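Naming follows writing order (A, B, C and D), and every chain is counted from residue 1.
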Amino acid sequence: MNKFIDPILVLVLLLNFVALGASRMRTVIQAVAVQGMLLGVLIALAHGSLVLWVAMMALVTILLKGVVIPRMLFDAIRDVVIRREVEPIVGFIASLFLGAVGTGLAVLFARTLPIAHGDVGSLIVPAALSTVLTGFLMLTTRTKAITQVVGYLILENGVFIFGMLLMEAIPFLVELGVLLDLFVAIFVMGIIIHKISREFSSVSTQMLSELKE
Amino acid sequence: MSQILVHIFLLLVLPPLLLGVIGKTKALFGGRNGPPFLQPYYDLIRLFKKGSVFSTTTTWVFRAGPVVGLATVLLAGMLIPFGGHSAPVSFAGDMILFAYLFALGRFFTASAALDTGSAFEGMGAAREVTFSCLAEPALFFCFLVLAKLSASLSLTTMLDGTFPLGAGVAAPSLVLVAASLFIVLLVENSRIPFDDPNTHLELTMIHEVMVLDHSGPALGMIQYGAAMKLFVMGAVLLRVVAPFEAANVWADWGLFVVGILILAVVIGVVESVMARFRMVFVPTFLVAACLLSVFGVILLLR
Amino acid sequence: MAWFLFLVPLVFACVAAATPSNRWRPWLVPMGGLTHLLLTGFAVTGQPVSALKGWVVLDPISTLVLGFVSTVFFLCSLYAPAYLALRQERSNRVFCACLLAMLGMMTLVIMAHHLGLMWVAIEATTLATAPLLFFNHSPRSLEATWKYLLIGSVGIALALLGTFFLAYSSIHEGLEPTLLLEDLVHLAPRLSAPWLHAAFVLLLVGYGTKMGLAPMHTWKPDAYGEAPGLVGALLAGGVTSCAFLAILRFYQICSNAPEAAFAREILIFIGLLSMAVAAVFVIRQRDFKRMLAYSSVEHMGILVLGIGIGGVATYGALLHMITNGLTKGVMFLSAGNIHRAYESKSTDDVRGAMQRLPISGPLFLAGFLMVTGSPPGGPFISEFTILIGTIHAGKYWVAGLFLALLAIVFIGMGATVLRVVQGAPSAKAMATPYRDRPQLVIPIIILFVFALALGVWIPHSLDTLLQQAAAYLEGGHP
Amino acid sequence: MSEWLVILGIACHAFSGVPGLFLRRDPAAGQWLAMRLAVLGSALGITGALVALWSPAQLFPVMRLDAIAVIFLIPIFLVSALGSIYGLEYWAQAEHSGNGRKLRVFYGLVTAGLAGVAVAANSLLFLFAWEVMALSAFFLVSTEDHDQEVRDAGMLYLVITHFSTLCLFALFAIWYVATGSFALGALPAGAVTPTMATVLFMLMVVAFGFKAGLMPFHIWLPSAHAMAPSHVSAMMSGVLIKIGIYGLVRMVSWLPDPPAWWGGTLLVLGTVSGVLGVVFALGQHDLKRLLAYHSIENIGIIVMGLGLALAGRSLHVTAWIVLGLAGALLHVWNHGLFKALLFLSAGSVIHSTHTRVIDRLGGLAAVMPFTALLFAVGAVAICGLPPLNGFVSELLIYLGLFRTLGIGAEPSWGVAAFAAAMLALIGALAVACFVKAFGAIFLGVARSDSARHAHESGRVMTGSMLVLAVCCFCIGLFPWAVSLVLELGIAAWVPGLNAELPALRTLAPLGWISMVAFTLIGLMFLIGLGLVRRLHRSRVTAAGTWDCGYAAPTPNMQYTASSFAQMLGSFFVWVLRPEVLVSEKQPVFPGRMHFRSHVMDVVLDEVLRPAYQIGVRISSRFHFFQAGNIHAYLAYIVIFLIVLLLWR
């Protein structure tokens, strides 16, 4: 277990709060981009020896999470002429507070889960869970479609972090995590955002509440 | 066999005399000397001789009314023991037949009334069936009491005056039953204080208004049937109140005739000393009759 | 063989994508469906199928689900050309390709014994179905698709996390890390309880989202309401069954672990909850397609309820997956026809379907009666079996609740369906061009006959297969 | 042999309507064919049933053709065949090209379903036949579904029948768990705990009570009977609701050692539904609704008999078993006959006047003498008056109830004796109600043009009614003829103690009844003859009705049905709760006044509908849950996830 992992995870957690607290969309996206790159680094570190495929995967991750997807997000903001502010349903302070609570819960819950003696003391599980919760928080409290996508990215970053535990054991799984990104990249972003922007001339999902009882 | 013939003879002949007696009693109370005892017979004969008028609106139902009415009462009369003598027709459950025969007669007399299409007859028919709805349960509660007391399901044995449970148990219920039966008898035969067979005041009449449009022989049948109904129900009441029997068979018959005539006098007295109630009280009294007999049953079931 | 099963549809999909003619392309769908059905026939009857060193296996349950999904897909695909002929105004390139791709992916889900691979396949079905929902290209369908994708992908992510947890639960005990079903089933008793517990919850919520269990069902009414009836039928019949299968896999693992009691408890709870939610929303439902969606939620609930009860009910649940799927096919396709004929799916405009559509209307009504469990329909037998299982297990309150909810759902659906089929159609409705055509009703009739037949007589082979599947699920070993 | 005949008969009925679907060229032929098939099927079925009485065969394990089944099969086949004959004229294909085919298909199916239920010895088969019957009946009720009223009636019926089906699910599921097979038969003692046995009993009462229209489960019955075509109403009222009674009779007999209070429950339910049924009937203005409420009343009488028999089983009094069950079973037949007769004659009235409102009819006896006569026969029979069949069955039940007083050596169960008086009340009220109906419809003067221009129905309709009337007379005159069948039925009901069962004729004066009946008819004939001859000799003049001196009587001055029932209704106002609309006081010279009163169904309109509305309101409360807001949707997921994680 590498001694650099935990510090990086701390950074990741801080970025969660940045994403929650930031009022401008660019900042949020940048935060997620940085988080993605950090994850790429994590891959490299998590695996003891830097063999080829690990390097590959780290690279792919950094490219996807850190470059491609943020790029598409920026494009989306540019194409769609919308205000650049995040429009939260719950205020920033409140969401920060909720995020803190979520992180606390995550840590508590992680306590109840026994950790294999190899990884004792690592922040991986709490970090993963709290990131997932942060993602959910973004998903449920941000009105714009794009911010929701960002939230989703954070959520799966959390899932991805947990994958670190399985790096040596079942590397295949981590590859799956990368696949998840591709999925988001291709669909949620590429097609939907553009369609929505074309149909609704604004990417606020509050427009998207026609279908109801 | 001879007994049966006597039974039939009394059933056919005696009823109008009761009306005569009642009339005489009322006359005496009124200080008149009134019509002769046999007046009802003369009236009936006159009616049977008369021609008749039928409303143009009527159909076969109108003619069927009197016929069914008379036939049912006749048959019902065959189920009742007169005096100590068992009825010609007697089997388990004949009391139910007894009640239902009257119902059948009511069905057709009421229908006949409606057949005229007149508001008055309709009113009468409505009242008739309405009140009988209350009289019927009262009658059946009385039957229940009698059946329980005599441990039998046939009128003859119910009314033979022997009570296996013992007179001590029987007496209280019997008193209630007698009272209840008397009310039922007065209502069913449209006597004062519930109805008056002699006035024609539409607002208060029940039975008479029903037969308003009948005339001649048909009317005769109806009045004859009415008299017979009074006679039959009187016989029942008599056996409940005074189940006396003489040693000799023929004396027994005489005893019965005397008894029924006394009953007629009693009715006459009641009619003379009481005024007719307002229509709205009739149901009240019937419910009272029901309750009396219900208590009779409860006394036995406790 | 295994390869063929899920590659052939993909090949067809590519061909469809490549075919230029908008008129002839739809015919590729039934062809693909038929080929797949034949291959399935061989696979099921032939010697045991296994590939990718045990990652892809045809066990009793997969055999059951595969045969069912393949049949439903084929029957629905028969409907596709005629339907798309009605919709010549827009290109069906993506539509056809995605239909076939979806079939391939479903096959993969069904056969996958490696949980990671299964996860990939399910994610792929999500991708494949999204364009199908978006077929109408209306703002409403866009909204439906958006919700489907976002909620679905959240579910997917949770499922992945759950899979991670499961894998870790073996690692944590210092066991040989694996995601192969067999191994996990064997190791189950020794897996770390808390991790397994959390894993099961995550997977239940994750795949439950895909399956449409309350309260993760929220995408369903929108999706089924806006998608073409054909897609609705395939989603309700096929995709949900795959998600159900996924849940079964993990239940299979748990049932060998100390967590079994907990798993059953939760399954029963979710089952009843789904039925209750459906009951609440089906009352006074004016949109008959949304009504079908809620009915689907209800029946998903019945499935997991049956599994949670166990014993005879497991058999019943597996059977119900089939009967309900077939009946849902009947209802969605006939509803699609009614929608076409009235150009509206609200009971405010739709009346007298039995007069307007002498075949689709009665079929819709019959489907409703069958899906609500009236004898002698297929769903009756399965629901009755589940009920017997419940009473056998001594869960009288569950049984009572089950029946009460069935009754409420019946009232709700009945009011809507009768308003649709009875009465006299408006002149406007009579004027629309649509008429019942053989190609549009024969598939429905076939589905109907199948569903009805299952109620009257269950073929011996199917019965034994169900028995084996139930035993496999309960015991964990074929 | 016998079973094959019955199966053939069922098949004939099931397919009777099908050829008509394909004879689009000549639909009338389809109708003829349907009728022929129905008659053939009924002939086969009844023959088979009768054969089965003498030679009980057991060919198929899933089929039981014992005396009880036979007793219910016979009216099913008889009434349905007569109904389809009647339909030839009443629902002639020429006049109803739109729904005639559909009607005949489901008419055949409902008969087949009924017969199927009666012979089923396997719970799955029972449920199949049951649902075929129930659903076809739904389609029959909603034959004229272009009418909103009809649709509502259909919906109500469908919901109720599904309730009873669900109760049957529970019932048979428990049964299966207890016995380990779908075969239906007596539960071995100890197969279920007493509590579970009680649950089973309650389920039976509810499930079959709904189908039979027992108060308070009767709610679907009036509207369904009123809205269906008359021969369908005859079918439903005559035999369809009896299948509920069949289920009750059959399944109750299979429960081991019933406690006495079960019988008490049935007795109370029967009494309540008998009294209230007829009371509500009094309040009706719609001829068919009135008849429908009388079905509720008669079902009540039947259930009273059954309750008595059940109590007899628990207290080991064979006399109660014999009298109660014989009365119940015989009343099943009788009600099947005279209620079918009444509905068919009602249909004949509706067919010629196109109205069901009693107060718009009147004076029809003059123009439709046959119908009037047959209706009168039915009315007398349903009031349980001698010399017709209704009297016989009611007498049996009366005798049984009187015996609960503890006549002779039998134990006393005095509470039940009150039921006897209630039965008397029911009888009296029934008389009142049918005098009202008969009088207002057929007697007096026509109250509307539609009634004025009425005409007698053709031979086909009157003929099929006549058959039923004759049957009513036969049972009334020769009750001893049916006693054997009844005894077989009773023996099949309590297989345990056939040896101890006394013969029916030792308990009931069947011979006397027929003698009295003949005497009564003879007396009427003689007296009638006398009157006629007297009238021939004397002078008979025709004049207008004497109206106590009022000069210009008009039809509107007749006593209407509503006014006829007004006083009786006022006694029961506490349950009838009529809503009365009177136009306010008029000036000195009054002009037009309006008065209308309408009786609602207490259970349906004052309990269930409001309850349903409340349910709807509650459910719509939850709609915010699905408000189209995706954030909320995602929130549900995470909340639910956390809940489940913290579950244990």
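Criterion: a residue touches a chain if its C-beta (ideal position, glycine included) is under 8 Å from a C-beta of that chain, and two chains touch if they have at least 3 such contacts.
The structure presented is a predicted model; accordingly, all values stated were derived computationally and were not measured.
Trainee: What's the overlap between the neighbours of chain C and those of chain D?
Mentor: Expected: A.
Trainee: Chains shared as neighbours by chain B and chain D?
Mentor: Expected: no chain.
Trainee: Report, in whole Å, the distance between the mean C-alpha point of chain A and the mean C-alpha point of chain B.
Mentor: It comes to 100 Å between the two C-alpha centres.
Trainee: Taking each chain's centre as the mean position of its Cα atoms, how many Å separate chain B from chain C?
Mentor: Between these chains, centre-to-centre, one finds 78 Å.
Trainee: Cα centroid separation between chain A and chain C, in whole Å?
Mentor: Centre separation, chain A to chain C: 31 Å.
Trainee: On a C-alpha centroid basis, what's the spacing between chain A and chain D, in Å?
Mentor: The answer is 70 Å.
Trainee: At least two other chains touched by the same residue of chain A: list those residues.
Mentor: 136, 139, 148, 205, 208-211, 213, in rising order.
Trainee: Where does chain C touch two or more other chains at once, residue-wise?
Mentor: Residue numbers touching two or more other chains: 146-147, 150, 154, 198, 221-222, 281.
Trainee: Residues of chain B that contact two or more other chains, please.
Mentor: none
Trainee: Strictly by the criterion at the top, what is the full list of touching chain pairs?
Mentor: According to the stated criterion, the contacting chain pairs are A-C, A-D, B-D, C-D.
Trainee: Can you list the residues on chain D that touch chain C in the complex?
Mentor: 124, 127-128, 130-132, 135, 142, 145-146, 151, 154-155, 158-159, 162-163, 165-167, 169-170, 172-174, 176-177, 615-616, 619-620, 622-623, 625-626, 628, 630, 632-634, 636-637, 640-641, 644-645, 647-648
Trainee: Of all residues in chain C, which touch chain A in the complex?
Mentor: Per the touch definition, chain C meets chain A at residues 116, 119-120, 123, 127, 130, 134, 139-140, 142-147, 149-150, 153-154, 156-157, 160-161, 163-165, 167-168, 171-172, 174, 177-179, 192, 194-195, 198, 221-222, 225-226, 281.
Trainee: Chain B touches which residues of chain D in the complex?
Mentor: My answer: residues 362-363, 365-366, 369, 372, 376, 379-380, 383-386, 391, 394-395, 398-399, 402-403, 405-408, 412, 414-415, 417-418, 420-425, 427-429, 431-432, 434-436, 438-440, 442-445, 507-509, 512-513, 516, 519-520, 523-524, 527-528, 531, 534-535, 538-548, 553, 555, 557-559, 563-568, 571.
Trainee: Which of the residues in chain B end up touching chain D in this complex?
Mentor: 48-61, 63-64, 66-68, 70-72, 74-75, 89, 91-94, 96-97, 99-101, 103-104, 106-107, 110-111, 114-123, 125-127, 129-130, 132-133, 135-137, 139-141, 143-144, 147-148, 151-153, 200, 202, 212-213, 216-218, 221, 283, 294, 297, 300-301
Trainee: So in the complex, the part of chain D that touches chain A is made up of which residues?
Mentor: Per the stated touch rule, the residues are 623, 626-632, 634-635, 637-638, 642, 645.
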